[in-house]
Amino acid sequence: MGDDPMVRPRYTGLASFMRAPYRENWDEVDIGLIGVPYDGGVTNRPGARHGPREIRNQSSLIRRINQATKICPYDLCEVADLGDAWVEKPFELESALAEISAFYSRVHAMGITPLSAGGDHSVTLPILRAIAAQPDQPLGLIHFDAHCDTGDDYLGSKFHHGAPFRRAVEEGLLDPKRCIQIGIRGSLNDLDIWSFSHDSGMRVIYIEEFYELGVQGVIDEAHRVVGAGPAYVSFDVDGLDPVYAPGTGTPEVGGFSTLEAQMMLRGLTGLNLVGGDVVEVSPPFDPSGNTALVGATMMFEILCLLAETRAI
Amino acid sequence: MGDDPMVRPRYTGLASFMRAPYRENWDEVDIGLIGVPYDGGVTNRPGARHGPREIRNQSSLIRRINQATKICPYDLCEVADLGDAWVEKPFELESALAEISAFYSRVHAMGITPLSAGGDHSVTLPILRAIAAQPDQPLGLIHFDAHCDTGDDYLGSKFHHGAPFRRAVEEGLLDPKRCIQIGIRGSLNDLDIWSFSHDSGMRVIYIEEFYELGVQGVIDEAHRVVGAGPAYVSFDVDGLDPVYAPGTGTPEVGGFSTLEAQMMLRGLTGLNLVGGDVVEVSPPFDPSGNTALVGATMMFEILCLLAETRAI
Amino acid sequence: MGDDPMVRPRYTGLASFMRAPYRENWDEVDIGLIGVPYDGGVTNRPGARHGPREIRNQSSLIRRINQATKICPYDLCEVADLGDAWVEKPFELESALAEISAFYSRVHAMGITPLSAGGDHSVTLPILRAIAAQPDQPLGLIHFDAHCDTGDDYLGSKFHHGAPFRRAVEEGLLDPKRCIQIGIRGSLNDLDIWSFSHDSGMRVIYIEEFYELGVQGVIDEAHRVVGAGPAYVSFDVDGLDPVYAPGTGTPEVGGFSTLEAQMMLRGLTGLNLVGGDVVEVSPPFDPSGNTALVGATMMFEILCLLAETRAI
Amino acid sequence: MGDDPMVRPRYTGLASFMRAPYRENWDEVDIGLIGVPYDGGVTNRPGARHGPREIRNQSSLIRRINQATKICPYDLCEVADLGDAWVEKPFELESALAEISAFYSRVHAMGITPLSAGGDHSVTLPILRAIAAQPDQPLGLIHFDAHCDTGDDYLGSKFHHGAPFRRAVEEGLLDPKRCIQIGIRGSLNDLDIWSFSHDSGMRVIYIEEFYELGVQGVIDEAHRVVGAGPAYVSFDVDGLDPVYAPGTGTPEVGGFSTLEAQMMLRGLTGLNLVGGDVVEVSPPFDPSGNTALVGATMMFEILCLLAETRAI
Amino acid sequence: MGDDPMVRPRYTGLASFMRAPYRENWDEVDIGLIGVPYDGGVTNRPGARHGPREIRNQSSLIRRINQATKICPYDLCEVADLGDAWVEKPFELESALAEISAFYSRVHAMGITPLSAGGDHSVTLPILRAIAAQPDQPLGLIHFDAHCDTGDDYLGSKFHHGAPFRRAVEEGLLDPKRCIQIGIRGSLNDLDIWSFSHDSGMRVIYIEEFYELGVQGVIDEAHRVVGAGPAYVSFDVDGLDPVYAPGTGTPEVGGFSTLEAQMMLRGLTGLNLVGGDVVEVSPPFDPSGNTALVGATMMFEILCLLAETRAI
Amino acid sequence: MGDDPMVRPRYTGLASFMRAPYRENWDEVDIGLIGVPYDGGVTNRPGARHGPREIRNQSSLIRRINQATKICPYDLCEVADLGDAWVEKPFELESALAEISAFYSRVHAMGITPLSAGGDHSVTLPILRAIAAQPDQPLGLIHFDAHCDTGDDYLGSKFHHGAPFRRAVEEGLLDPKRCIQIGIRGSLNDLDIWSFSHDSGMRVIYIEEFYELGVQGVIDEAHRVVGAGPAYVSFDVDGLDPVYAPGTGTPEVGGFSTLEAQMMLRGLTGLNLVGGDVVEVSPPFDPSGNTALVGATMMFEILCLLAETRAI
């Protein structure tokens, strides 16, 4: 048994993502699991910088095979923990995002599909900059969140964690017509705060519509919107109700459940996914550790999807 | 930006309810947000006296506009934090309730609609005494709770937190035929403990019936029962499942969710509401702080309803 | 009031299960409430040895009568807390299970129906050995769990907490055709890990099928599978979503809710139940204490079922 | 081993104080361990009503013999858990104290030395009323606390937890000249708040003087002040620094340590002690449970002292 | 009683620092209590932005008069809560510090002595810039900390929380010969990391020397070093042992106690203090809330010192 | 900066002990940092199996150089994280200890000095079996603990965590005349429980004697007892007062402080140390995480001592 870290007792050994091997040499890696311990883009409670550590720790509970879909990502492709896209100069937001982007450009240049653990949601922009930089080929997006994150300037910057998808559209990285945002809710300071989503043609599913459509209805809509082109999946744990993910920076009461999230993610099978992330896990606000376990579980669901795409 | 406290970073400044201005001068106030830091009526775990502080703290996360209903209460009327109806002599239950009543009589005399944060549920009785004291015009009630709170003597008093609505009917403050109680459940020591609710004609929706009727069915029933007359909404957080509100004095496993609560509250639009409260948030039993955030969120939903009524 | 411990303030007195009397003399007892403070069979996080203490503590919140079913178990039969089936030699798994079995053989010889609070799930095997040891009369099983617990050797033993039901079938204690397992989910290291359940003819309801069938559909299936013969109910709190039961050794994200569990348990009325247990409550991982309250609540639901069976 | 509850694994069995037998029949009992689950006298954070339960729970960690003094109280006299002096009518302070006093009068009439676990400090007054009611024979007092608790009216009562020792002197229960108060500190609203202590002749050792005198100096002073007459020892856990006892209602930064407390208590050997208590353990404010363990440890030190006195 | 917020029950009302009045009009204010909810300078765990809120909350436990020194700061001068020096553009460190400095320049221009609650230690630099900007009159410093905070570039900036005092000397704000640093300890990455302290002539008292000198020895040394000129006191809670202040960003095991800190602070009486701060309280890492209470207590000790200076 | 993991932000990267490189190839390693995630020997609260993970995590806070002693272990010798001595068959105590011993025999055969993180204290015995197996050359011992751990049979085994040092003497691994045990305290079930320590000639320093001797006195005594021969240092975190190490299995109120522990450990310089361990860190009982940080800090102190010995 000692040869396979996957079947060792869960509480043993150094914690890598999903117990996948930590690799400094990235040759032959198909899917790279990457931490982005950066929360310099939050507008409220910090702490997501500690997310990768705790997600790695809790992810030891995740085993090899997805019981619901029967997918074993490790049989389909080479998966490795690539370590952290940490930031050398964290005290200035825009340069920090540039550092992150440079890391992902190296990943992308190696032909590796990235699956990331944030960090706050501002880190998705530099990831997209690295992997969606082809002209005329913007990505689609399946985005789980309580917030559209298509806001504008706030607190003196337009690169905070409430705005990455607006920037990504403006920079030509995302095709808004192929973007769907699921679980949106929460009080607003400005009725038009998410008008960019609506005006640009994104499909916004507020939590009330989610409640009406049901899981399968949302899945159908996601396939319809995203279509066959390349797409990215971004899972902000604050899309879940705060009882499932209390450890997050901007909790909004009244979200979907983890089971609903898992079923929605599994429903994305068949999409052409080129990367994904789970963001906004903030361990200091998570006394039971469950948020990090939830984050790891969602990462595993996305890993299975990415492995399917790579294996085609 | 500095001029509007609503848009400052959430973690800054002194914590008032919803960041509304604290007002010692109550002129021109339409809706008063009031804390009642009193838990002398509990029969089990204390701590709700700390509720107003923590709800104020967490309520900074609530913004101006209800995304689901588009209501901005602050545009419809003048909202202020009136401080706490604290008790000078807390060591004797009945006199403490009299002090609370006196505070609310001052509020009522100013023509202010009160929205309160308890405190335990015993505080609803003195509030009703102050605002429903008109002869021949008892109020209707929409009451979310795990318990009917229409019990009788227990531990030597009939004014504890399990009995306010019986007292309120007996004192002519509530019209039982126009009262609906939603979410009732939990084991009993006496099969007849809630017989007053049934015998007096209140509409009691046990959690099992809630599960069958669904949110819209309950909303319809609430409108049918309460009708067009003046009514009060009282939200005990133990109506929610304890995972959403662990910080409470008498948790009962198996309740409704926060999203269901929000949708039910929004469904009360159009009722003639003259006041409301959120009670039984007990921070010492709430390690993650989520219960207070839930309490603040429910207060905001009720605030939007009260603002609509005031604005007509 | 002082004469009836059931109606004393909940926080007073020594904590026995459900405030039932602690009895060293077991004569006349119909249903025995028993703690099994043993977690030597866990493969991951320990702590369930502390379960009986905390369940006893939180169970003071449970009152006499089931509001949903109107059953008062204490009116139907004699219920007592029999103390703990503690283990004198805990450092070796198989001998520890033998000690537990010896305790339950004494219980069974007195004609007492046991309702137990674990401890980890390995303790169900010795309980079944004591109460199902009749030749040619294996028991049926209603089993709530995230895992089938029909695994084989792991970490050098086949008696760990992931295998009791395979051992019980092999030992002729359970009739697999009359076994139903509800809520199964979670990632796997081996696709065939639960093949024993399938191959032996157990009815396995994965969480996805639960979501489709709904509570009533599962209840119907349980009655169909278990039939009229004697049966045992085993409730592993990790069948619940971890938000309802974070304090457990092997949490699996995406389970059923407490309300769903309560309704399923109540739906088992009419079955011929000869015993039951609630296992895997691990207080050290339960900062809010809610898991133990949930465990106590499920014990009470099973107590009502057992009392009904005894009273026929 | 099974015959002696003292040597069973600590986490097993129902929790009684120190694992002493719970006795409904008080004949032959020398020292009675009693819980007083009442906190209706607090002026700030409640929760001490939950103290007896948690102290019982943690006290299972305490073994038979005091390693430092070699005293085994159970060899010197008969020790039993007498259950709780719970209050039937908790909603009014003065009548609640009368109920407590009635319970202790029964204890006293049986010739039992009481050792109590509060509850808030208001409960010491009714205990003293029951055991110190002889004319012309007031007790001495060794009192560990951050506060003198010789205040006057506050919040409408003179029986709150900040005043019991003033009342006890006024009622002739204590001889102030034979009282010593140790560890006093904390900010004040009134410079004269403890003037009753000074004016009546109590010996007040502020924490700064404690720091100078050292443990032995304080012990010497206690013997000098209290002398040979009968005396009572009252240990408020807020005398300790809050790091040792965070779970308390009125924490005051900058107290003595548990080791210093143990050494001071042991130094009281030879005094003529007729009772004692440990009060103000408030479990809801004690996430680690350490405060209750500290409370149990101090109870054991006092138990050893009381046993010595009884054994003479 | 209702007229004096100081004597209301502690858990009532909006939380201002020490229950001092919140003042938007700063006329007549002598000492201003100010929050600086900024943690953009941390190099490890964030969260100190939440410090002012929690310190305000816990500071309600502090009363009017210092029992040890008999000083009542409110009798000596006018004390008010001036609100927060919050940052409009938090995403860039240097500009954020400039915003903070601008706020304090307004305070200084009004002749108000500032007493601040951080925030991380980077905020002390802009405070000093505002209040020590006189040519040829640099301040002395009494600095309690585990770290000298005289480091240089780290993570791309020289304005992070480990360097403010080097910058302050370089900018002529502090006279290093009149600076004393107390409690220094912890492992190092570079033996010379604090060489600036030594080379510039600061007096550095490592924790081992503190242990030898004792409290009075350190007090004597502080007076000798600082002398009669104007000085500032900066209290980083990580100077305390982490058991007293677990809620901080860079805990270092093995510090001084709160009682020792209080006695050292009181020993600074007679110095010419022109301001002070308590920094690095990070509530997300403080499950019991004790760190914020400790922070408030140290603020009160400094408030008493500042009031004495103002009153001369 | 990116080249040296020691100076990266603390919260980044996979967590190895002290950020030392994880090495599967053990050639050239002088000191091996090893986790022993095993708690099958506890007699009370489990959880120490999770110790190595959490100590690794918190140890990222430790830097390269000991500020007090100026030692940089990484400059003196090659230090690596060797991973965990995990147990393949954990369900039987004696065989589990044999597995651990086999691991350490491999370490010892490579000439590596082991520094271990437990696990419970039962793991020290198999470590000693591996490294002290030379005939006629038993080791000396410096042992910090609340318990002598020289007990005998308990709960059916003589290899539990309260007995390793008795076994080690009996097996000729330790020379009792060269053993010193520091910090002993706590109540006893048997006055003779530690008689083996006394009878065999170990030097036992109870906490009361520690209080009298002071740190330097204990250091002197340790040098006198242990002498020049090879010795092992074993640090059980329950030797510390529980406020410094609440996360442990058998807390005993009234211990020494972390600063005292650090100074004592530093005082061991010059001894001929051949290995060491820090045991009984139990993260499930450690809500703040401070116990693991304390454990890591003590490991670093021992690492500096071992490096000195290796470098001679």
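Every chain is named by a letter (A, B, C, D, E and F) in the order it is written, and numbering of its residues begins at 1.
Rule of thumb we're sticking to: a contact is a pair of C-beta atoms (placed from the backbone, for glycine too) under 8 Å apart; a residue touches a chain by one contact, two chains touch by 3 or more.
Computed from a prediction, not measured in an experiment: that's the story for all the values here.
Minimum number of contact steps separating chain C from chain E: 2. Between chain C and chain F, the least number of touching-chain steps is 1. Chain centres here are C-alpha means, and the one lying farthest from chain D is A.
Chain A and chain E have Cα centroids separated by 39 Å. One finds 38 Å separating the Cα centroids of chain A and chain B. In chain F, the residues that reach two or more other chains under the touch definition are 9, 11, 45, 49-50, 88, 90, 155, 243, 285, 287-288.
The touch graph of the protein chains shown belongs to none of the named shapes. Interchain contacts (touch definition given at top) occur between A-B, A-C, A-E, A-F, B-C, B-D, B-E, C-D, C-F, D-E, D-F, E-F.
By the touch criterion stated above, chain D contacts chain B in their complex at residues 39-41, 45-47, 49-50, 88-93, 95, 155-157, 159-160, 284-285, 287.
Of all the residues in chain E, the ones that touch chain D in their complex are 6-7, 9-11, 61-68, 70, 72, 243-244, 257-259, 262-263, 287-290, 293-294, 297, 300.
Within the complex formed with chain F, the residues of chain E that make contact are 43-45, 155, 184-191, 206-208, 211, 241-243, 246, 250-251, 253-255, 285-288. By the touch criterion given at the top, residues 1-2, 8-9, 11-16, 22, 35, 37, 49-50, 52-53, 56-57, 81, 83-84, 86-88, 90, 287 of chain D touch chain C in their complex.
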